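The structures considered in this document are given below.
Both complexes below contain subunit A, partnered by subunit B and then by subunit C.
Up next is the complex of A and B:
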């Protein structure tokens, strides 16, 4: 465990070493939040109501902020791992005294945490100024617990896509489709509550809702049933995807051919 | 004419080179069509629930999305280095192009093909045909609109990335600029107030990648065509000027690099 914490710390320090870069990368959330506010302000005004399916404009904006923070700050490991597989540099990670996947987990987390912090901070200032104050602090712990589960699910998907390089020449299309599934079926751009009932049912039976909607919804409306459903869904899908990841890694290792170096 | 022949030869070579990895090429192009299609479902769901945004409907989104995807795809497919010009400048990789007897900017821009660009371009046309507003005349206007939007988009990318000559960095800023112009282009323009519209026409010319060409595709209008042509000429002139001003400041460590 200590060695993984050390890897996490190294990546954390590495990300924090260039604060200007961190800030510039996070600026995009200012743009997104401003545009989202324009869209939803007009939409709420046209609907002529304070709340749509229980969410006010302020709730919707804080929901979208948490969702965007997760999307823009989540690990971007798919291409990194696929590159390591394709160019053979994976060999340098496999002969070290740590597990390849846990190494990626720790390094991805070290990279992700400062980015997510900066995104939340910058986006939060914009949303607060435009739509009003954030949800009460008491709402934050369940949402952030679910955020951790969502991050792990994103990690599993990314690692699976990266390891697909053992089979496919190009993994970028898998990454694009996965991202768009999160956009649509995860409720990243529109809260799932605004979808037709049948589609909400479909979304809740897939992992994407637990990777985006769950934590974002808990942040603005911390209901016990949503909390329990989200955590159970995350545990179930972590077991499925984690198991798949272990199998994919084992199968990839059997296929791996390293020629000199 | 000489430059056109040069461009045609470059594109032919690029395409042959990309097709060497046929499976990767096709998977990226087809993957991008799927990617765009799935992304557009957000708007299908939105307009299914809320019907319209200040008069802007789903059919308008099909047009706007089609033009933006088409312009983005055309830029990537034929001028792929427009997306990483800043990296080339800061990495000292202009040396190679400077040593050859051709226009530096044209050569560098057209020296890379982004396979997914073909997917975006094709999706643009699919989106146009799905808009319910397709006609032969409309198709001609759509193609013209994509060409002008591409010119404006590439000019904007050159402008933003030429700043790398002075700043010495630019990758992150480029990503931000691309995000800004594409995001603004694919959202209904009716959302924005007058001040924001000034920005969208003159600073981040997203209006010329979405709403303005969409209006032109719906119905021919000389003033709209004129404004698009003027914007394309103006932004290209600015981009060329800034790039060549920057080129005077260009320096590299004479590193040995291989361009493939």
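Up next is the complex of A and C:
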């Protein structure tokens, strides 16, 4: 366990090595939040109501902030692993006494935490100024617990796609599909509550809703049923994807072909 | 027990390829053309504990693939191997505690952080306690003369300095076996010498076996007792470095530049003149060290005029390998 903490720490140090870069990269969320605000303000005005399906404009904005923080702050692991296979640097990652996947988990977390923190902070200032104060402090713990589960699910998905690089040369198409699924079926662009009932049912039976909608929705409207549903969904999908990941890693290692002499 | 035992090891990679053009691309979608590349073709060898063994061969000879199999990163297609009693690809993580690796072209130090951060991280990864790690870092810093470099971000080090830190990092956990893949690539003469000396000293002091791949005949001469030459995935030569030198590395190339123009009939006894560049006052010679000692050639060269610059080098390793390969084919 200690070694994984050390790996987390060095990644943390590495992402903090250039604070100015960290800040500039996170600035993109300012623009996103401003655009979202204009978009949803018009939508709410056109609908002529305070709340759509129980969410106010302020709720929607804080929902989108949490979703964007996760999407922009999660590690780009699929691309990273495929890059490591392509340039041969994976040789160093596989010949050390740790589990490769736990290494990636610890290093992804160390890389992601400062980025997510910065995104949330900058985006939070903008949303607060435009749409109003954040949800009550009592909403935060369940939302952040679900956020951790969602982060882990993203990790599993990404690692599975990344491991495909052991076999396929290019994994970008898989990553593209996964990302669009999260955008649409995960409720990243539009809260799932705004979808028709049948589509909501479809989304709940897929993992993507637990990777975006769950934590974001809990942040603005923490209901016990949503909390239980999200956590159970996350546990179930983590078991499925985690198991798949372990199997894929074992068989991928047998077929690994590393480029470069 | 030998540190490394390899028997009939082979590794075949499947590569997809397609002809140029749109039609070929579309066809490749439905019927991909796959061909097998045999990177390692049935090699067998042994290496004793504490031995310094050189692994040489041109690009694509299978050196790196073999090293990657021996560290457990790649599964072989067939054959057996045992490294320190472990089967690398089945016991990769157990083996990792006992071997150190350096891939010259792939840095393992964190680029934006000082080397000490990577060394401390490795201490944790290899499960040393903090006191042990500190003591070991001090020891290695002295051996590799990197005391003043440890706190500098790696990106600010020269290649030579970085390589010394790389090798030091690979020795942190006191491995019994060090696998060095092109450790001197891209280094200048002084840096090469520096790193070779440090490796040799550490290996002798801690009885570490060293398996080294290189393009550079100088690495072999300076470090290794025995050499294996690979060509097209097969072992074409396996013997002591001294024997190799006696039978193949017998000629030297000398390039001299004089302060004044060289006579058109310039000649030095016991050497073969390859080129005379009169307008640049230069000459290029080759001689056989078995017949003409280096000292006598040097003496005669200085007698012939005022020497401004002189370079003595071995014939390129590719030439030596070509000669050995040709011989291997003749023998077969």
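Basically, the second predicted complex is superposed on the first by the 255 of 261 C-alpha atoms of A that agree within 3 Å, B and C clash if a C-alpha of one lies under 4 Å from a C-alpha of the other, contacts with A are read in each partner's own complex, and residues count from 1 in each chain.
Quick note on the criterion: a contact is a pair of C-beta atoms (placed from the backbone, for glycine too) under 8 Å apart; a residue touches a chain by one contact, two chains touch by 3 or more.
Because the structure is predicted, anything quoted here is derived from the model rather than measured.
Applying the touch criterion given at the start, work out whether A:88 contacts subunit B, subunit C, both or neither, answering first, second, both or neither.
second
After lining up the shared chain so the two structures overlap, which partner does A:24 touch, if you call subunit B first and subunit C second: first, second, both or neither?
First partner only, subunit B.
If we overlay the two complexes on their shared chain A, which of subunit B and subunit C does A:195 touch? Say first, second, both or neither.
So A:195 only meets subunit B here.
Which partner does A:39 contact after superposing on A: first (subunit B), second (subunit C), both, neither?
After superposing on A, A:39 lies in contact with subunit B but is clear of subunit C.
Pick one for A:13: touches subunit B only (first), subunit C only (second), both, or neither.
A:13 sits against subunit C, while subunit B stays out of touch.
Taking the superposition on A as described, I'd like to know which of subunit B and subunit C A:172 touches: first, second, both or neither.
Once the two structures are laid over each other on A, A:172 reaches subunit B alone.
Going by the contact definition given at the top, which residues of subunit A touch subunit B in one complex and subunit C in the other?
Residues 169, which sit in both footprints.
Which subunit B residues qualify as touching subunit A in the complex?
Listed in rising order, the residues of subunit B that touch subunit A are 21, 23-24, 27-28, 30-32, 34-35, 38-39, 41-42, 45-46, 48-50, 52-54, 116, 172-173, 175-176, 179-180, 183-184, 187-188, 190-192, 196.
Sort out for me which residues of subunit A touch subunit C in the complex.
Residues 2-3, 5-7, 9-10, 13-14, 17-18, 87-92, 94-99, 169, 253-258, 260-261.
Residue numbers of subunit C touching subunit A in their complex, please.
Touching subunit A from subunit C are residues 13-14, 16, 59-60, 63-64, 68, 71-75, 89, 92-94, 96-97, 99, 101, 103, 105-106, 108, 110, 112-113, 117-118, 120-121, 124-127, 153.
Under the touch definition given earlier, write down the residues of subunit A that touch subunit B in their complex.
Per the touch definition, subunit A meets subunit B at residues 21, 24-25, 27-28, 31-32, 35, 38-39, 42-43, 46-47, 168-170, 172-174, 176-177, 179-181, 183-184, 189-190, 194-196, 199.
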